[in-house]
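Both complexes shown next keep chain A, but they swap its partner, so chain B is in the first and chain C is in the second.
Moving on, here comes the complex of A and B:
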């Protein structure tokens, strides 16, 4: 039975990482309404900004994580403000924005590779101090427990802000219809900028989490982004709790599949799940 | 929408014009211009560090030869292309062969790039010296030569070492699912079973996998005495970290791709072992490399240096005619190499002799196991 427990725990760890990515993505997607590939690069930006401040200039770990999150959020804001907003003002279609975001992704990845080289880097410094917890015969590390907890905290935080605050109301109004929101006096571009910064910061945090758990490389964002997107879609795009449910469901199916068949099947299984949802339940588990 | 369509069409026309212009104005190499050598290396992606090491070695050799007057009075130009350690090797070879019209090619060092690349060199009769190690690669044809032992030797060596020397008779295999990992793990598993050992799990992971927990959990449940890791450095780091996290205690043994700082400096790699081709990495060369390129010595820089000097020595004696270069390589007995005191090829254009040694990771670096 031990192996099943461990596999369930593995699914929880993977699900926690997917949760972070899906939360940031669904937040940005539901307001900006286009498939932002650049989000994948922000994941790497968070990881590398932390790598730089923690391992290259030796700042304390919490400060380094803060710098990583802030850098990703700031960059997301700048990209929204100076690229996507300009395009939107010219009534660019979603396709144009998608292509622009592909450009953003490629440029950021290339710049990271030039600055830090393409080597696989680890964020953790001294592993001797890693604590592990035994749960019913399975093991998780302290880093993984932290990732799981931060996923839940951010989900709750975003959920509360969206449902209980005036700002959240404005975000939801923009998500419903940005033109109407503008007519009733909501500053849509400003809301989009703030949402991009928050979404980017969450994406950056997910990159930092992956970096501490395993490691970072410049091209890490794309495959993680796709997993986050699948989670967001099967959970019901635009729904915060749906994204979390989708993330854990996806991780569970992937890991059970890897257990029963072989690890190489993980990606194939993930996308098969996506296609099944698109065909039979296109609005996801929790449709709005 | 029609405006977008026009924009798109315009872009296509411009790109096509640029490409055509580039091709049309490229001068064909003449007997008096520089000699062009192509290099197909991973310069981005997971194996980029290996490519950068190789590049440093090649550049050092190129500088030495050009400073000494070139080959037969002609300077040597090296065209580095990024094969990303992947099937992009085909694009790289196509470009080097048909656009740059190189006299010879160095690389690839990744089997997944060599697989699609080498047949192109063969079809165009461009002599190629490479050191990707998947067993079948030299079957591409008579124009491709390997200055590194084939994994057919390495997998066998590892199986024998784990079974006989370490005395572990129950092994699990974790491999990166590409030509390198698959080739190495197949040879390993076959030899290990032949010796009487048991292979209890055989799990493949993708080249970019960052989550192998479930594969490792299955392996842990099968309770092996040894874990054979046919992995690249990045996936190797992930594997040792996650193996430690789930409490897998088997002896960890890997292949030559793990012979890099980024693997050996990871604390969880402590105690892991790997086999690596036995090559000389003399101090004098290390100093020269550091001074010339600012790079620390590594087997890949030495191999790049040797491959370049080997080609230079052959070309200086027979010229750039591809048939002559090929024949000279087939018959070569090169004794000026740094890594190997003798390079000569067997009928399959593989090295005549192959030796391995085992490295043990200890305190963040690799020690040779005597």
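Moving on, here comes the complex of A and C:
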């Protein structure tokens, strides 16, 4: 029985991380309308900016996390402003933007590897002295508890901003139809820029969470991005609540699968889930 | 001289990869980001069959191509039902998974340790173990790959493919089962990529998963984007420039690991800049849209 509780707990923690990734991705996708694979690199950027400020120049941990989140957000904004917006002005299709985003992914990952080397690094300073909590026979660490809480906070925050504020209304208008949004006086490029920054910042936070939970390496973003996208698709692409639901469902399936087969097949299981959904329910659980 | 031979062999291997990927991306208009997966299946299939089963290189290579083709048939049967961004996404995911399997299925692939001690080919008493002979073999096989691609794209099959690229719905209206065409070209391209993989394994005599990651697929994509889509000459030119050009970085005196990453930066920058300023590449007859 205990093992099942532990699997459920692991699934909840992984689900919280996937929620963050899927939220950032969904936000960007819903307004920009293309699969931004460069987002995978922003996850790593968050992790590495925190690594630099926390472990290399010894800033307090909260400041370091803030720097990580801000760097990822700023970079996302710059990429949107100087590459994607230019492409959009040339009437580029989603596929063109997707290829450009592959270029962005490659460049950022390589630059990270040049600055910090390709070695696997951990973010936490006090390995071994982490506090743990017992929940119904399972164990989670204090870091994991914090990840779960921050996942919930970000999820609620995004939900409230989108549904209750004027800014959220503008974002939803652009997501619906950016041309019409422009006609009624919404500055669509500006909204796209802000959403990219917020999405990038959330992606960066997910990278930091993974960094404290396990560790960081320059290519970490690729499989995490894939998980986030799978979560977004099985939840119903473009839907915020769908993304959250998809994230926890994916994490549960993955962890149950890893328990039944072996840990190394986790990624393959996640991919099988994606294929199954694309074939049988391409619009996801909560299709709009 | 040895160095020039090395470059020439790499160019011919990547030309095969570029030519075969161009069948999918350039002619059928499907953005596949998974070519390195089949390249890897071919390389690992050939290496494992040679080492574990004692097959000769050419038998192992053909079997490796068959394995790659069968895997492509299974995954392609799913992918062929999608279009546009979902096709790209599904293929992207498949590459991540194959990489993760090569890395984690340690009882078969030895994981990150890789497989050393792969032999150079031998046929009818002719040994291809020195690099001049190996380059000749690469050129012969490369010519065959070129011939296959040339024939395919000029056949009626190739015309249906380009028609699918331009307007898939219209082709369906005329009664063609378009998923079948997309699947067949995917399987053929995967088998040709496996051929390139077999050559790489036997040339380097060592393989590890890092050669078949998503970055490698992006690199092959950069080759055909630079050279130009739907153009065989473009694929050749792209392979030539993208192998030779970054070699200059070596002479600028960067340490080798930094040079490898600078190379990645170059490929990424090519993708971004070409999308911005010349989406059809140098010799391209088609631009993605």
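For this structure, a couple of remarks:
Quick note on the criterion: the second predicted complex is superposed on the first by the 286 of 288 C-alpha atoms of A that agree within 3 Å, B and C clash if a C-alpha of one lies under 4 Å from a C-alpha of the other, contacts with A are read in each partner's own complex, and residues count from 1 in each chain.
Note that a residue touches a chain if its C-beta (ideal position, glycine included) is under 8 Å from a C-beta of that chain, and two chains touch if they have at least 3 such contacts.
Quantities reported herein were computed from a predicted structural model and do not represent experimental measurements.
In this superposed model built on chain A, chain B and chain C take up the same space, so to speak, and clash.
Touch criterion not met for A:201: it reaches neither chain B nor chain C. In the superposition on chain A, A:175 contacts neither chain B nor chain C.
Of the two partner chains placed around the shared chain by superposition, chain C is the only one that A:230 touches, whereas chain B remains out of contact.
Residue contacts after overlaying the shared chain place A:2 against chain B, while chain C stays out of touching range.
By the document's definition of touching, of the two partners only chain B reaches A:217; chain C does not. Legend: residue contacts after superposition of the two complexes on their common chain; A:264 is shown touching both chain B and chain C. Once chain A of one complex is fitted onto chain A of the other, the partner contacts of A:113 extend to both chain B and chain C.
Shared-chain residue A:123: touches no atom of chain B or chain C. Contact with both chain B and chain C is seen for A:96 once the two complexes are overlaid on the shared chain. When both structures are laid over each other on chain A, chain B collides with chain C only at 110-118; the other stretches in 56-64, 110-118 or 146-154 stay clear.
Note: residues 93, 95-96, 113, 117-118, 219, 223, 264, 267 of chain A belong to the chain B contact set and to the chain C contact set alike, using the contact criterion stated above. The residues of chain C lying in touch with chain A in their complex are 31, 33, 78, 81-82, 84-86, 88-90, 92-94, 96-97, 100-101, 104-106, 213-215, 218, 221-222, 225, 257-258, 261-265, 267-272, 275-276, 279, 288-289. Within the complex formed with chain B, the chain A residues making contact are 2-3, 6-7, 10, 13-14, 93, 95-96, 113, 117-122, 126-128, 130, 132, 138-141, 144, 210, 213-215, 217-220, 223, 255, 258-259, 262-264, 266-267. If you check the complex, the residues on chain B that touch chain A are 4, 43-46, 48-49, 52, 177, 203-206, 208-215, 217-218, 220-221, 233-234, 237-238, 241-242, 244-247, 262, 266-268.
Contact residues on chain A toward chain C in their complex (touch as defined above): 34-35, 37, 83, 86-87, 90, 92-100, 102-107, 109-111, 113-114, 117-118, 219, 222-223, 226, 229-230, 233, 264-265, 267-268, 271, 274-275, 278-279, 282.
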